[in-house]
Amino acid sequence: MTRILNASGCLDALAAPEVADGLDVFVTKTVTPLPRTGNDPIRIAESDVGMLNSIGLANPGIERFVAEYLPELAERIPSLWVSVGGFSAEDFALCCAALDGYACVDAIELNVSCPNVTAPADEASAIVAAARGVTSKPLYAKLSPALPDIASVAQAAEQAGARGLSLTNTLRGLILDPATLEPILATATGGLSGPALRPVALAAVYACAQATSLPIVGMGGVETGEHALALIAAGASDVALGTVLFGDPAAPHRIRTELEEAAQRRGVASAAGVFRMALGDELSASEVSSKPGIRGDLLPELTKVAVGS
Amino acid sequence: MHRHDDRRRPTRLRGMNAQLAHLRVRGNEAIGPYSLLHVERGQLDPGVPGQFFMLRTEPLLLPRPMSLCMARAGELGFLIDPTGKGTEALARLDPGDRITVFGPLGHGFPLDATDPVIVGGGIGIAPLPYLSESLRGAPALLGFRSDAHAVAGALLPNAEIVIDPVRVTEPLAEHLVSRPEATPLACGPEPMLAAVGRLASHAWLAHEAPMACGYGACFGCAVRIDGELKRLCVEGPTVLAGRLYVPDHDSSPLPSAVGVPA
Amino acid sequence: MTRILNASGCLDALAAPEVADGLDVFVTKTVTPLPRTGNDPIRIAESDVGMLNSIGLANPGIERFVAEYLPELAERIPSLWVSVGGFSAEDFALCCAALDGYACVDAIELNVSCPNVTAPADEASAIVAAARGVTSKPLYAKLSPALPDIASVAQAAEQAGARGLSLTNTLRGLILDPATLEPILATATGGLSGPALRPVALAAVYACAQATSLPIVGMGGVETGEHALALIAAGASDVALGTVLFGDPAAPHRIRTELEEAAQRRGVASAAGVFRMALGDELSASEVSSKPGIRGDLLPELTKVAVGS
Amino acid sequence: MHRHDDRRRPTRLRGMNAQLAHLRVRGNEAIGPYSLLHVERGQLDPGVPGQFFMLRTEPLLLPRPMSLCMARAGELGFLIDPTGKGTEALARLDPGDRITVFGPLGHGFPLDATDPVIVGGGIGIAPLPYLSESLRGAPALLGFRSDAHAVAGALLPNAEIVIDPVRVTEPLAEHLVSRPEATPLACGPEPMLAAVGRLASHAWLAHEAPMACGYGACFGCAVRIDGELKRLCVEGPTVLAGRLYVPDHDSSPLPSAVGVPA
């Protein structure tokens, strides 16, 4: 089954449990070893192709997170991933070690693409290796699209013990106040998410799906089931929602429905079937939509998706 | 101590009487330089005065926070100052146009405040007609930049209105001299709120910050509250003055992290 | 004066001289040592946030370029830059050496961000250094925004002898055919240009303007004078037009007019004045617009543009 | 040799009788499943039949190439098959809507061809009404997928029309038997053009490729011509069949690089 997650930092399940209820997996905002108040305001800005944020990883720190937040999350959230971050491999290891004993944590997402940490091939893999050393939980490496060759970083992460990839984090962007021509954000530049990221995230998922066999959580500008299906056809097994949640807290339910409809319009019973076709698998009779869609004739072409040229 | 009053109110976000609705615009009236946008209410709860709704329309990526201005039967009324891309898009809406509304969100004004006095400046008048109605016409003081802007003062029929260069804090100071127990419930530009806070640390201030979500998801709306950066949409938008302007800093220049530069 | 250039690969001055006439500088499509036919079709695709291309540096090769194209360009083009590319520092040096003797070539743009050449810090600077060794012409290093730290690459390019920067090239993107869910381009992924690139290019210009003292040709999604002015306020001295030329061959004239109007609306006599303010310079009386714009009151704030936080 | 005829025609792009104009839509008529879009002509030159214009409207980033279908006084007529985002946006335009038009571009059909016979398939009929008018009603053969599509055949009153499964190359082959010197001037889907090319290497074929600019700027429209990837907007869109289907490859499967997969 295709799972729908939130993108880290784009939902607080304790502040908005009804929104989290629509998800298959809830991912926390990135937690760092020490508490962080985050960057000074202004922290968000909007342009016509996306939004910027410079939240600055505001979080209570791993100790308070484990003591104060984890118990309540454990109670409320059926499937919980914790995103961890830091400024060195040791930071990541420290957070992972602190989480290792908690059964309620199903996976750990390593935010190796935090805007304050550059992530060249060896650093990302060093982080994954350090985390691997202290926990047996599944590790998802979350990569930045601002890499000359994301596929090689993904391969390095796989070799270092990552169990999956989260693709992608934001791009660095800048928006000026049209009146003053000054940067809107206090930090000047920030992370660009939303529509502008869509083709970039799709390329990252595609490149990593061809270069590794890791399951991929695709994200970046998903606003509709069609956008989610494109990520799946490019090689993502699951899809995460970020910016769309801000304008549409009902997005988890809506996009899940739209996603299955989008698959069925193409003659496939479910989005998971489209993913299996992307892998090159043949579908069984039950995976073909019983109500063949308007483009049921396209089935044979769909199987070529992951092959490309 | 007033300070902890704030904590006793139910966390509406957790309770989620907020709902998302795709609604139609009923009308859009010019009120001086502002637009009074009438939206059908659907199944939405109008909430408490000072609470807000996230409004989204084409071509916006993010919704915009707007205080509920009026709660006529079957309708939600929003008073909008068209100063940027989003507010201009909202102020341009025509009857029949679609709009997405999510709310009510955040904490409103305390309706049980002792001897309330309503204070507003400029577009800060937005939540006050609903507040005034709920408080059965408590005294109100309004300040405006110009006669043109002061047209909106008619939305609070019993209000005393001052125009620049007179500041609304002048009649407020007089009011507080005669009624020292009075609780200002204020909304307006940052310098006005700070001045109200200096006059009365027990005042309730409806604050502003850029918001992407309005329901605690993005951490974008950080404001220094109790000396720490907190989410205004969760802690506020109405906050006790003493929590925003920490006494030790009272005489120093306003912390620049608070509020949105105009 | 703020110059308006075309982005390399987005105009053929010999096929459309009337369009080139609107520019201050014409930049050729990237020329490589050997002729290239380019990638197989389909080579272009459109999404709602930008377009993809995988032209694949189709060009006649440096020898034929010099023999057959340069004489005619020399005759027609008042100010000519040649973009050169390749797969190694030697390739770039070979092209630069071949151009060095031609007085009509005012500058050479080094396309170190060609999608087929990864450009980590040392490689970009090695290319600049190799080119610097064989020509005394001004060298502009054209960088990719897909770098973890573009400013450090810009600094390395400066130290290696670059005389300016062209920012930025495209991001890697993917667009699927909505009917088949297959990549539209024959190469699957391609270079993303247009609106999606705008905030990313602005951030790149801003970061490099703070990190180096090199003049910057800003480009990426410019469609209006306002977009051009934003690049200038972020630190670009000149602006190049790419994707916009495809839909609007009159863009050079239009954007030049809009750009000056945009400066004047902010109380500055010309876009060049906005650039000087971005550098932190004080404007003389003649540089302040004689017709103060609607936001003439914003002048003092404008001077803070390049300082940011 | 026909092959070099192509080179003698003036390079219109260099001469630039192409102009950019912001125009108004006059009307949009349904013709079977197609839309016949009437645009005011402004100062634009209608060009030669087979030349094309780049049409752009909201919300498209890039313009779309469209052959001129009709050149009534003061008007440009385009026949549009709504099959994707761009063509659908164009087919939805209403009278009074704005549209940006750039052209005429590329090389049209040779109007001095020996004994011309017009051949069209599906939406490939688009440039043929204007061509037929210019050739004073030369014989025309049209093939359509269905009766519904064949409604568009009425745009060429003297045409002989066949419907799937009959292929238009069948009457063309007969025509060429009786008139071996006849020059087919054809527009239609890639397999049809290839079949026409096999019947007559001296035919002129109006080809298609994705185009971002239409005037030689982007190198996006590459098509294998004379065995090399060349810009269709500069070399074509009408190309001598022998240049597209190089004789040695005639019997091999169609080179996949040619034409846009339907």
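The first chain written gets the first letter, and so on, giving A, B, C and D; residue counts start at 1 in each chain.
Everything below uses one rule, namely that a contact is a pair of C-beta atoms (placed from the backbone, for glycine too) under 8 Å apart; a residue touches a chain by one contact, two chains touch by 3 or more.
Quick caveat: nothing in here was measured; it's all calculated off a predicted structure.
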Intersection of contact partners for subunit A and subunit D: C
Third chains touching both subunit D and subunit C: none
Chain centre separation (subunit B, subunit D; CA means) in Å: 61
Length of the line joining the C-alpha centres of subunit B and subunit C, rounded to whole Å: 46
Averaged-CA centre spacing for the pair subunit C and subunit A, given as whole angstrom: 32
Subunit A-subunit B separation of Cα centroids, rounded to whole Å: 35
For subunit C, residues that touch 2 or more chains besides their own: 40, 48, 50, 195
Per-residue overlap in subunit D, given as positions that touch at least 2 other chains: none
Chain-level touch network, classified as line, ring, star, complete or other: line
Pairs of chains satisfying the touch condition: A-B, A-C, C-D
Residues of subunit C touching subunit A in the complex: 40, 47-50, 52, 118-120, 144-149, 171-176, 178-183, 186-189, 192, 195-200, 202-207, 221, 226, 229-230, 233-234, 266, 274, 295, 298, 301-302, 304-305, 308-309
Interface residues, subunit C side, partner subunit D - complex: 9-12, 14-19, 29, 37-38, 40-46, 48, 50-51, 53, 55, 58, 194-195, 243, 245-250
Touch list for subunit B against partner subunit A, complex: 13-14, 16, 20, 54, 56, 59-63, 85-86, 100, 102, 209-213, 215-223, 228-229, 231, 234, 257, 260
